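Chain nomenclature is as follows: A, B, C and D, assigned in order of appearance, with residue numbering initiated at 1 for each chain independently.
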Amino acid sequence: MRLAMIGLGRMGANIARRLMRGGHEIVAYDRDHAAVEALAKDGAVGAASLDAVSGMLDGPRVFWVMLPAGEPTETTIAALLDRAGPGDVIIDGGNTFYKDDIRRAKLCAERQVAYVDVGTSGGVWGLDRGYCMMIGGDKAVVDRLDPIFETLAPGLGTIPRTPDRLNREGCDPRAEKGYIHCGDAGSGHFVKMVHNGIEYGLMAAYAEGFDVLKSKSSERLPEDERFDLNLTDIAEVWRRGSVISSWLLDLTASALAKDQALENFSGKVADSGEGQWTIHAAMEEAVPVYALSAALFARYRSRVDTTFGDKLLSAMRFGFGGHVEMPQ
Amino acid sequence: MRLAMIGLGRMGANIARRLMRGGHEIVAYDRDHAAVEALAKDGAVGAASLDAVSGMLDGPRVFWVMLPAGEPTETTIAALLDRAGPGDVIIDGGNTFYKDDIRRAKLCAERQVAYVDVGTSGGVWGLDRGYCMMIGGDKAVVDRLDPIFETLAPGLGTIPRTPDRLNREGCDPRAEKGYIHCGDAGSGHFVKMVHNGIEYGLMAAYAEGFDVLKSKSSERLPEDERFDLNLTDIAEVWRRGSVISSWLLDLTASALAKDQALENFSGKVADSGEGQWTIHAAMEEAVPVYALSAALFARYRSRVDTTFGDKLLSAMRFGFGGHVEMPQ
Amino acid sequence: MRLAMIGLGRMGANIARRLMRGGHEIVAYDRDHAAVEALAKDGAVGAASLDAVSGMLDGPRVFWVMLPAGEPTETTIAALLDRAGPGDVIIDGGNTFYKDDIRRAKLCAERQVAYVDVGTSGGVWGLDRGYCMMIGGDKAVVDRLDPIFETLAPGLGTIPRTPDRLNREGCDPRAEKGYIHCGDAGSGHFVKMVHNGIEYGLMAAYAEGFDVLKSKSSERLPEDERFDLNLTDIAEVWRRGSVISSWLLDLTASALAKDQALENFSGKVADSGEGQWTIHAAMEEAVPVYALSAALFARYRSRVDTTFGDKLLSAMRFGFGGHVEMPQ
Amino acid sequence: MRLAMIGLGRMGANIARRLMRGGHEIVAYDRDHAAVEALAKDGAVGAASLDAVSGMLDGPRVFWVMLPAGEPTETTIAALLDRAGPGDVIIDGGNTFYKDDIRRAKLCAERQVAYVDVGTSGGVWGLDRGYCMMIGGDKAVVDRLDPIFETLAPGLGTIPRTPDRLNREGCDPRAEKGYIHCGDAGSGHFVKMVHNGIEYGLMAAYAEGFDVLKSKSSERLPEDERFDLNLTDIAEVWRRGSVISSWLLDLTASALAKDQALENFSGKVADSGEGQWTIHAAMEEAVPVYALSAALFARYRSRVDTTFGDKLLSAMRFGFGGHVEMPQ
């Protein structure tokens, strides 16, 4: 198929490249002309403006928007909607908040433009490994775009098939290839959002556990209860036959193999929005999410040296017991 | 009554003083002679050794041990047990782990010595305000010591009586005066331990809430959603008719009245053992204690600049997304 | 002063009564005519419609809206705004989300109508005990309404004054009487919201702690480590001199004095919105709120028999270990 | 090598079988003679008593004890120690608390008997897939036993090697084959304990996340924000290229493929000790473990219909607001 890729950052450019490798034609646009030129060298048709993009596609046109969520995506989609006509498709492949998808899909529907949201996981590894995609939007439209998604997805590969799934009706065959149609517009980003919420929780579980291992050499402990453990080897052995093997553990093993002390990292950990949105969604649903929220809060806490709350704890302790603080 | 006070730190000395004010006679001992002399000036009979203490009491003798929990208390009680005889009473008024009480009470019982554990709350304010006491041990012995406990307790005072309690059978009348017999040896310290566990949780709730108030002026927020709140006034107004009024809030209001920024506090918060023991007890009972454990962990976290776990989070993020850390 | 009270539920009617006791004149309106008549018997001027209300006030008119947050409050304020003119004041005394206040205040300002938000704590006890109030809005307007707030507030009463506050400049003298002007419109409800978030956290701390006490008689434990504790007496003794005394503990002591087993309660615990909003605000500010969120989630969890997540845990355990579930 | 397997439950019997497949000779013992006979049919030498076991081995003898942790393991090891002599080796392959290992290793050392603790992960899948092993004990002894461990371990297999590990000195080559020597006695079970603590945390993250997905069809939500998601397909797609792929997710996908509603599971989730011990270890080290503890507490909570704490929350709410509980 021929489609436009708008936004040629790391994610957008790699998605475009994987599509071209799969035989699709890409009309490429970015505010940064150098990014357009770079992709043109790899075979894309470069465009100098959204109007130009629009002219280089045949109807029904497909625009894949791959920009930072929020204002950049919002204004670009508004601009595309001005240029789009009945039957055209706007795909938002970024990290958009799913309620924005629901709202935009309604706006698009008023002009008979289809809106498709695609949540992708795979990060920097996706170009070669393929992108795991969660897709929301009208079923007929998503089916029509299938050649795109099939190219981007990892495919069956070497990952063992789930035994109980094989002869089962009602299972979407696309899932085994690494992409699914989740439901109406917004559902793709919703599922991706929860994916990231889970990711935070998994990461926190490993982080806390390795902290318990690391601190087992602490001088707080009786001397005969201390162990000086080799975290690099422990991460490696857990990859091999243990219950907690995972891709995140693979990354942990790799990071620890480079430097067991992780001295290049300060431990100020960012969060990207999806973790917070997952907690918000859980509250709307009245679902308890103790572990996922703890994972998010640990990131907040990692970014400050002390909190006002901690100071207040000290102040109260001083108030009722005359306790002075710990030596620093 | 005449009794020995062994350990004349802040708590021991003040308890002795309140007892003397109430007409009791104190035989005072501490490794630090200056502490003995100071209390002797206030009317106590000073003793130079545990043997001397023992000789200055008539049988059945009452020894109140008020020392740091662990080794100091353990060895002193062992030494007293060597000097004690049938009918004598050893009171542990410190912050002992209740399982140590259970063990020691059995040892004492072998020699017909009574063991009583007293958990006290009230801190530096107890001398004047009275001590809230939770007592474990044999009922007959605790009843015999009642004059001591009644003197130490705050008494009915001006605190309103609980309406539904007034004409109710089975309610211990001592509770309204500020002390109770909780049950067998160990139960006093157990109840005091849970008291402290709750204290951690209450403190955390205030700390987190005031943090949310304080951070409402953050530049992270849209400008028209920021408030620059006066925490001193807020703490004060909550003392007056709100659902969350408490003594800890009184202390908070007082600390904030001194310095709204709490700049004298670094926010490295110690924990004293009881919080951890409460979590441990909860796990033995399979009781979920999300809030109490969170309160404890926040103190651990307050004492380190970063954790190995935080670094591992950053390392994983770098691994899957090439994310560099936040600017510091 | 003369003002209108719109919404005569338990809160609105009692606030109106306390105002009338203090010499103010109330024009009373509610969709339910019986509620209007009931208040008219206590001295209010009853009104049959919002138009009637409007006509019974002299300019600048003061409308106190005391309705459920959300749609009822929203539509009533919109209707009042249609009837209001320059200098009039609309007070929202309900449990409104503070961002709605910010939005409405802008709408009102366009018509030179003042908008004041009042968060109140005190519940069913406020009529006699007074209402603790957190007020947002334009300073001049709030100052003008001071007679109303002073009447509603508890006043200095018998609560001890905060020592370090007495001679301090910059402290709002109203705080000691139980009400404060927090800042611009929305800040009153924001502070009240955080108050409720803290309330959830405090309640959770007591709930978890009493659970640990209660379960100390569990047959899970070794027989010599079990205690059968009298929770009624423990709650009472903690009211008297302990660090964790509070009004919520007073309520706990009263409830346990009625029935130590709390058998009339099923333990399905509602939440009213503010707890959730507090977590949301904390996430916007990147403030870790482990204890406050745990308190909220425990309420969610209390309302379902099992969660899908629990079933998934069982399914995973069965998958890796062949573990069957616990006997039920 | 020739060694004794004592305890022929599912784990013990399968370990013995995998050892025999690898050419080792097994002397098999269990209190249950049927279990001994069953293994004898597969090639083991059956023994009728511990004395018989002892006689069937040549010195230095190797005893692998595979029994439930606690009393069964304790008494069996004590009995073996009575029968063992200098140079003999006792291996505890169960789920022993690591402090028991430290204590027992000292006892064994007094008689020049070596004590080795082996934590194993792999569950019912180990016989074919191999066991991931974490080993504690004297280095020379663990090295001598290497043929046993190499046979039991999964080996390099098809799992990709960690790139940064390949040419690195100081990395234990055994880790890539699925077993490591962690350190002194106790360290094997310590590392396995933390492994299980992490496992609880990972499982909780998936459980909470799938709960958020499942509840997105809740009638609590506005109709246009509901999605009726296919959890079976979502679990499958996440296995393929996503950041959160893992073996636990494989199991989740398999369980959901059998029954998306998981109706065969009640959701009463057991815990096996290691989760609790991990929290305890973390507290000794002062390491915050919010997510791991939340995972443990959710299991406690899953096993009761309501908690006393929940009832107390309702009682407090009734006390301050007259709130009645939610309809059930």
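Operating definition for what follows: a contact is a pair of C-beta atoms (placed from the backbone, for glycine too) under 8 Å apart; a residue touches a chain by one contact, two chains touch by 3 or more.
Fair warning: this is a prediction, and the values are worked out from it, not measured in the lab.
In summary, the interface at B-C recurs among the listed pairs A-D, B-D or A-B; the equivalent pair, sharing over half of its contacts by residue number, is A-D.
Between the interfaces A-C and C-D, more contacting C-beta pairs are found at C-D.
One finds 38 Å separating the Cα centroids of subunit A and subunit C.
Distance between subunit A and subunit D, defined via averaged C-alpha coordinates, is recorded as 31 Å.
Rounded to whole angstrom, the centroid-to-centroid distance between subunit C and subunit D, based on C-alpha atoms, equals 47 Å.
Residues of subunit D found to touch two or more other chains are 123, 204, 206, 208, 211, 215, 243, 247-248, 254, 286-290, 294, 297-298, 301, 303, 307, 309, 320. Listing the residues of subunit D that touch subunit B in their complex gives 243, 276, 279-280, 283, 286-290, 293-294, 296-298, 300-301, 303, 307, 309, 320. Across the complex, subunit C meets subunit B through its residues 99, 102, 121-123, 126, 129-134, 153-154, 157-160, 162-165, 168, 171-172, 174-180, 182-184, 186-187, 190-191, 194-195, 197-202, 204-206, 208-209, 211-213, 215-216, 218, 220-221, 224-225, 227-230, 232-234, 236-250, 253-254, 257-258, 278, 281-282, 284-292, 294-295, 297-298. By the touch criterion stated above, subunit C contacts subunit D in their complex at residues 10, 123-125, 203-204, 206-208, 210-211, 214-215, 247-248, 251-252, 254-256, 262, 265-270, 290, 294, 298-299, 301-303, 305-323, 325-326, 328.
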